[in-house]
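Dropping the structure in here first, questions after.
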Amino acid sequence: MITIRFFSLIREAIGCKEMSVEWSEQVSTIAALKQQLVHHHGRHWAEALHQPNLVHALNQRVVSADAPLKEGDEVAFFPPMTGG
Amino acid sequence: MITIRFFSLIREAIGCKEMSVEWSEQVSTIAALKQQLVHHHGRHWAEALHQPNLVHALNQRVVSADAPLKEGDEVAFFPPMTGG
Amino acid sequence: MGTVLVQSDDFSVHKAYDELVSAYPGAALATFTGYVRDVGASGDVHQLELEHYPGMTERILRELGQQAERRFELRGWSIIHRYGCLEVNEPIVWVGVVASHRVAAFEGCQFLMDTLKTDAPFWKREHKTDGSAEWVTANDNDTLRRQRW
Amino acid sequence: MGTVLVQSDDFSVHKAYDELVSAYPGAALATFTGYVRDVGASGDVHQLELEHYPGMTERILRELGQQAERRFELRGWSIIHRYGCLEVNEPIVWVGVVASHRVAAFEGCQFLMDTLKTDAPFWKREHKTDGSAEWVTANDNDTLRRQRW
């Protein structure tokens, strides 16, 4: 399984905080996972996940979209951080 | 009268904290006052007041040696500051 | 050596300061505190909501602290950052940095504030006096300041 | 608006901080505290003696505060500097600066520390553990940092 977490604007736009998907060859990178999520869900997901400034984290580290995924990984999608 | 104050190393070297001299044409600038002090006192004063990094203040503001003096002024001589 | 606290409760700046000073006496100490402003990016603010990514937040803050410690030869550092709903004038973030000399203390403290702004997974939403709410968008100046380090 | 305190007595960093925060809430607050180090410029230090020029010191610190206020658009600032005989680990100087944004708060605080080091008439003498005493000489780095502003 791959755990997926959404935060802030992204979470609000798609109405989902956390979900899991089975790992497979079709979701072997973050970019591929994004494609699958957009494919399975609707327009809101496409808009949210295709934002140019979307940030991806893999196991709680920011990574680029071509980062490879393996069984048990935790992926997160969120907008640029605004703490401090 | 002109009040003259000495601080830190300079005060120690000449063994004087504060003194007064009569204002006259002969002490119409800080440089002239320095010359007169060295002339009236000894070698210690010459060494202390001819230090290249000596700082001069006139009425509690740092000034250059050619600053003109008038009756009632307060002059101070000291090494570079080391607060903070 | 440093400490990271990520919490929803209010905190005592003085307690945090005293802990740093007693652990690392006789040094230079720089601190920064950020408070909730009544005028935010989108106008009058009634409350500030801070969402965060539990786990990742603590990890990133700890890594930034360790980076600062090596880079500026810090003796000690402490980061406290809140999440949840904060009232106007409450503290959001406190960073305290101890070094042997003032320049290192200032730089360490600024480095931590500049980097946590863009690297720690927090997201601010301003709840306004008129009842509406708006997510704060990332600030280009913050990104530029981040790149200086 | 700012305050200057030049005193031989010890002081409370927390009291100074609280006064700034209550006067200027909901902002960014940067502070710096300098403590007496046990290892000074000339070796092991037992006590630090600070001579100052009464009157000129207060005037210079007030002018530096007013300059910082205009230049960095500060909301408030406070400078406390001690003179006399200080023990190891006691605070020498505290500077607190309040601004609307963090960059101004940091810059105002650093400006004040960098400028008071070279402009305020204080002179340090280190009393060493072996009974000798030595005047601290001005630091070239401090002069260079002063010139940046």
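By letter and in written order, the chains are A, B, C and D; residue numbering begins at 1 in each of them.
Here is the rule we go by: a contact is a pair of C-beta atoms (placed from the backbone, for glycine too) under 8 Å apart; a residue touches a chain by one contact, two chains touch by 3 or more.
All figures in this text were calculated on a predicted structure; none of them were measured in a lab.
Q: Where each step is a move between two chains that touch, what is the least number of such steps from chain B to chain C?
A: So the least number of steps between the two chains is 2.
Q: So, comparing C-alpha centroids, which chain is the farthest one from chain D?
A: Max centre-to-centre separation from chain D belongs to A.
Q: Report the inter-chain centroid distance for chain C and chain D in whole angstrom, where each centroid is the mean of the CA atoms.
A: 24
Q: What is the distance in Å between the mean C-alpha positions of chain A and chain B?
A: Chain A and chain B have C-alpha centres separated by 73 Å.
Q: Once you find the CA centre of chain A and the CA centre of chain D, what distance in Å lies between them?
A: 49
Q: From the C-alpha centre of chain A to that of chain C, how far is it in Å?
A: Measuring from centre to centre gives 26 Å for this pair.
Q: Show the residues in chain C shared as contacts by 2 or more other chains, in ascending order.
A: As it turns out, chain C has residues touching two or more other chains at 34, 102, 113.
Q: When you check chain B against every other chain, which residues touch at least two of them?
A: Where chain B meets two or more other chains at a single residue, that happens at 84.
Q: Go ahead and list every pair of chains that touch.
A: Touching chain pairs, listed by label, are A-C, B-D, C-D.
Q: Over in the complex, which chain D residues touch chain C? Could you list them?
A: Within the complex, chain D contacts chain C at residues 13-14, 17, 21, 25-38, 88-89, 100, 102-103, 105-106, 109-110, 113, 141, 145.
Q: Which chain B residues qualify as touching chain D in the complex?
A: 5, 7-9, 53, 57, 60-62, 76, 78-84
Q: Chain A touches which residues of chain C in the complex?
A: Residues of chain C touching chain A: 34, 50-53, 55-56, 59-60, 81, 92-93, 113, 116-125, 135-139, 142-143.
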